[in-house]
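Each structure below is given as structure tokens.
Both of the next two complexes hold subunit A, though its partner changes from subunit B to subunit C.
Our next item is the complex of A and B:
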């Protein structure tokens, strides 16, 4: 019997969101099929890969990543170096040093870093907060202000601080809002609803629906992303049609598989390979589940995932 | 003179001044001279917002004045007054912009004049988040310097942004008050026309934050009315020009509060006369519907959920209140807003330091609430939180509810200064914070006088409790207009949707129809959404097109049909947190119910966990259904299959819990007395044949019914 292909057609699509300005600007989203199902419908833009650096600079990097930044001395150098690696579509700056329970860097200090990084590169920028909702509510509006005109994605807008971050990034300074929820389709949708009720244009919202490293309750992530794409495309739910960006690195580099030393775990093999493996396998799974962009740290991971996307496009 | 005449005359006067000023400027600088405010992309902001036309030169300004003239219609309709008010405001903007002509610097700090776009973007964010809950525009001179300072400080303490125009600026300067954007007190200018600089802020906010298109005046005014929480405090004497400006403010949705009594016309919600200047703050907030967030609870001990589980032993106890021994009560009572004063806390009777160490006392607290969206149905929902609120106080513990509560205050809390009024403070703060969607005003009365407690308990509280219970008992699925969805559990049971009706509470047992209604009101985008019931398919099965649509939507397409009253056809799904499961028992044509606490075997040959594995996860398994304990005695319990007379077996403990209500339902429906005596339990049989023997002996009605499958 001959094979009869029946394409799964959806009369809905994910919003296309442009990040950055000029030649290097990228678009994410735009698909009207499940991830990599290019046999069902043409996929207008491929998924994008970002490289993440943090305000902690070289000291905060695992040794195996630091080696790639040899010779960089300032945050500007680090940013330039990060932008030069193969497969990098955008640069993500994680401001985790702002956490009051951690380094507790001041907003002024972090804004200076943000500006330095922004001046060093012309790639699209994604800025992630420190995860403390009060601090982010103070810090991220300042980020949105400092980067006026760059069309950056300001992440870490949560239900607790959506007004401050949504109003600043989405209304006052015309940036893109990254709405973050914790692995639950209803919470993701509710945050989009209240963010747009605030007046933010839904076409300028990107979702971070939460993630985990593979093996760490990861099946919830798959289920959530899968159901979001299902509702967005199958039911034309426009409060779920925002593209998804997933910060993979901040999850995977903290787990024991990536961090345990070779002295402690000789049977597990080289620590660098393990770190890359965790990052690559998580990112590949996120993309297959519905992420339109992923954020990684290791240049090898970026290269690998970028090639995967090209090969499957 | 009518209010119309005053507005028109003020408008005409300002128009005349503006025309003269523009003509003077043209003769001095020529028509092509540029005019603009500094640091704004929206020059002239007000005129541009309202008309969509930018003005850059004196010639264009003169043309614009012609447009303004066209707004100045003189029929005696409300709209004429509003438009003349807007025209007055635009004239004021023209007069102000002329002050900046030729690079002049008309204002110097501490007086601001025109505010830059950057200031608006910065102020806009806290305005949107509510960190700046309102914008006060204070105009004219207060009766005294002290009055002026007190009023400004009262707003400052609430985080409200204060702008000053006219004599009040000199008054706060004289008092040596610190002013500036950083302390949220902004002197705009001493001429009345300077008021335009705050109007300019409101209108530019609409363009920047509201994406309002310049020239779309209707949307613009709708935005300022709904989203810019500004109001005007105008001190007497009010001349016609100020009255005309006031009409402009009202057109934008900003109420005007004044102490002027001569020749003034009260307009409800818009032009309010408050002769007592010390009450300007409260009157303004109420008129503009501004709610102040309370950040900390003002009590001498800590307040945190960490203290919720704290137990106070008898030896550590200073005083105790015990509803099981003496008269106590706790009550939320809805009253009219005019009957109460916000944040008033009254103690009637002795305070804690007048009670003997270790003594047992009476206490009753009545929390009176008022709000436009408050409904008596929410009272028990708020009241149920008291337990949690009082328990969060360090050194105080609380159990029970209604008139059976018990409170202990520790020696440590007492020694730290904790007194009866602090219970009121905690209740006030928490109710205002957590229920701000429905509670606008809140007052607390605490009774410790034993006679008063007796009176409150028996004459006030108990009749209200009875009324509520009657209402709950009388609420039927037929008597309400809508049902509610509940998807609280979807985090772990992705395709499950509960349809909550008055006679069928959520299967967890924790969400009644009233709870769902309150949840919806308090959090309109949250887990409980309205489900209409306008298109019934089969009333006996409890199937509705509306319900099917909702279930399909909320389960993201996983479920297509759900019936409310059948266990066999499209039964409602279960997440996994059901209190009970009922399952079909084929030998007796009945059903067996097992509750979560029951660890033994059932006549189905399955334990509770085994039944649960067939029922949870949002799947529909005809013949099995999860539900709340309360649902067992409902007249809607598997109504499609005949109702509660199908119940043939329950664990003994569960049977005892529901006996009274279930017997009543069976009596009402079938005329059967003591129905639960006919129902088997684990002490009678866990084997189906033995169970049928028992049912036959008792004459259980299920045996005579049609088989369910």
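Our next item is the complex of A and C:
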């Protein structure tokens, strides 16, 4: 009996969101099928890969990554270098130095870095806050203001500070709003509802529904992303049709598999290999579960995931 | 030793000794000063605020007291330590939970109608309204030198002769009065007896010309509120009705905190005393006075309560209720007697306990199920008891399924900064003008009563109105500004329903984002429990034919608004019926009718108990329901219609 393929057709699709301006601008989302199911429906745009640098510059990088930035001295240099690696679609700048419980850098200091990085590259930009809700409520509106006209993705508003960040990024400065929730389909939808009720255009919202490193309760991530895509496509739920971006690197580089030295764990093998493995396996799983974009740190990971996407497109 | 002076808004004063470092809330408990502390002194609820008038306290600063309020002397009792002599004002709101025992006005037909209707309903099903208590008249020969039988044997012989019974028991306190009563009335007496097929128990003895009334006491012991009625056991007539806050509240607002408190040394006694000596006995005294009966004439009692309350009432360790595998000491028992528990009624009075069916579905529900009559109808009915634990029963004459969810005390005004029970001074209904954002409200009590706080039905109205007028977003956070919307220094929003000068309180009556959040969780727990239970039976919400709502939320509950906020499913309003305190009505029926009592045991054993925490999708349903009206708006088409109509 011949194989009779029955495509799974949906009458709904994920919003297409453009990030950046000019030739280098990218689009994410737009699909009307499950990830990599190009046999069900044509996939208009492929998933995108971003490389992440932090305001801490070279010092904050793990040794194995720092080697790739040899010769860079300023944040501008680092940004240019990052943009030059194979497979990079966009640049993500993580401002974790702003955390009041960490380096507690001032908003002015961080904005200066944001401007320096933005001037150095013409790639689409994603700027991530420090995750402290109060600090981000102060910092991210300034980021949105400083990068007016660049159509950047500002990450992230949370339920606690959505008014300040959503209004600044989405209304006042016409950037793209990243909406972050904690691995729960209902919480993700609720944040989208109140964000759009604020007046923010739902077509300019990208979700970060949360992630974990593989092996760290990761099943919840898969289930959440999978059900979000299911509801967005199957039930045409327009409050869940925002594309998903997943900051993988900030989860995977902190776990012991990526950080324990080879001296401590000789049986685990070289630390660099492990770091890349954790990042690549998490990112691949995120993409297969429904992420439209991932953010990674190691140039090798970026290259690998980018090739994976091209191969499966 | 230092002197702590608690003064109250009515001018009264309580003085108690304390040592340096003593916790003020603990001192208040020792001194029997009622200060509400639903979180049991963890500084998380902010309700135990008191005002320093003289002296100093060593008080930790918390989010609940603003700098300005701190300057004015406001402190949280639970984080305040004694450093010397001090004088403290306990505001009405801090003690409002204890609020004033309330005697019901029986001249209002609604109060009595609930009971007489319930009586008619069960009678229609063929249940006889008869119990085993009876008054019988006996005449004996007076003893002589030739007839030397002692008094007790003489009475027994007479009773055995009149009635076909093998044994007759005469308890001590009847024996004690027997010689006098017999001689005073020429050996012609009336006995209050329990007649059972082969044995008889003599509760009391009176002269034959005396009017004898057999009184029964039905009690609903809620986690937050205790209500009771006195009834005539012969015809079911209601003689008195009262309600009061459960004195155990100061040991925590929910059953878990109380169980923990009970496991401390002396804890079982403390909690039992709080409900029996402090709460129930004063209620009994007041009811007896108002009905003109003696407490000793109360010969039988019935109790409807959740499993934990039953245990704490009986002074039995309730700890196994909260620890796996959640097996309580009893579901039903007939070994409780008033004298042993220290209840101020006839000491031989037997206590009927409405049967529990699980650790978290108690006798209040089985009694309520009896009243809801869902067991006698072919239609699918949903019975919802909005208590501190929300309990549900769904089914019809063929099957019944029950489950419980933790709603918290919000429906009875607990966990809400200006919350109170549905008694005098409570705002029970409210509307808000969309343009001006000004409220108008109705208050329980005589005309002219000033508002003191919010009861459950008032909270539903306010949240609903704030939501549909766009003042709060579906998460319950304030998104409009105005004269009545305020933000504290931490950014927390609140809406002032009555400014201090309009209210009978020392502070504004307001509802805060934290209150709204607590209430949204409570309503989310109820709605998600309904959905989860129906889903497990493969039933759709539209298949519910009738909904019976019970609980102390207040008869003013606006079902439409309850649907708008997503507490109840969006089905036609005429399907909803408020049946009041069905636990009390049910225990009343169990007391009055032995057959109804048996029926309740039968219902309890026929109900399937579903443990929600074991259902994997419950948490998902719950998070989805913690939104106004719901994350899935397609479940609430009428709300969406209303919203778009209002938006125009």
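Throughout what follows, the second predicted complex is superposed on the first by the 313 of 313 C-alpha atoms of A that agree within 3 Å, B and C clash if a C-alpha of one lies under 4 Å from a C-alpha of the other, contacts with A are read in each partner's own complex, and residues count from 1 in each chain.
Heads up, the rule we're going with is that contacts are C-beta pairs under 8 Å (C-beta built on N, C-alpha and C of every residue); 3 or more make two chains touch, one makes a residue touch a chain.
Only a predicted model underlies this, so the values are computations on that prediction, with no experimental measurement involved.
Student: Output check: A:190 vs subunit B and subunit C. Expected answer is one of first, second, both, neither. What do you get?
Tutor: both
Student: Quick check for you: in the superposed arrangement, does A:111 touch first (subunit B), second (subunit C), both or neither?
Tutor: neither
Student: Please work out whether A:159 is in contact with subunit B alone, subunit C alone, both, or neither, and reply first, second, both or neither.
Tutor: It touches subunit C, and subunit B stays clear.
Student: Which touches a greater number of subunit A residues, subunit B or subunit C?
Tutor: Ranking subunit B and subunit C by residues of subunit A touched puts B first.
Student: After lining up the shared chain so the two structures overlap, which partner does A:265 touch, if you call subunit B first and subunit C second: first, second, both or neither?
Tutor: neither
Student: Between subunit B (first) and subunit C (second), which, if any, makes contact with A:172: first, second, both or neither?
Tutor: first
Student: Name the residues of subunit A shared by its contacts with subunit B and its contacts with subunit C.
Tutor: Common interface on subunit A, subunit B vs subunit C: 163, 184-187, 190, 193-194, 197-198.
Student: Which residues of subunit A touch subunit B in their complex?
Tutor: Residues 137, 141, 145, 163-164, 166-168, 171-173, 183-187, 190, 193-194, 197-199, 201, 223, 227, 230-231, 234-235 of subunit A touch subunit B in their complex.
Student: Once bound in the complex, which stretches of subunit B touch subunit A?
Tutor: Subunit B reaches subunit A through residues 121-122, 124-126, 128-131, 208-211, 487, 490-491, 494, 525-527, 553, 556-557.
Student: In the complex of these two chains, what residues of subunit A are touching subunit C?
Tutor: Residue list for subunit A touching subunit C: 159, 163, 184-187, 189-190, 193-194, 197-198.
Student: Could you list, by residue number, the parts of subunit C that touch subunit A in their complex?
Tutor: Touch residues, subunit C against subunit A: 473-475, 477, 479, 620, 623-624, 626-627, 631.
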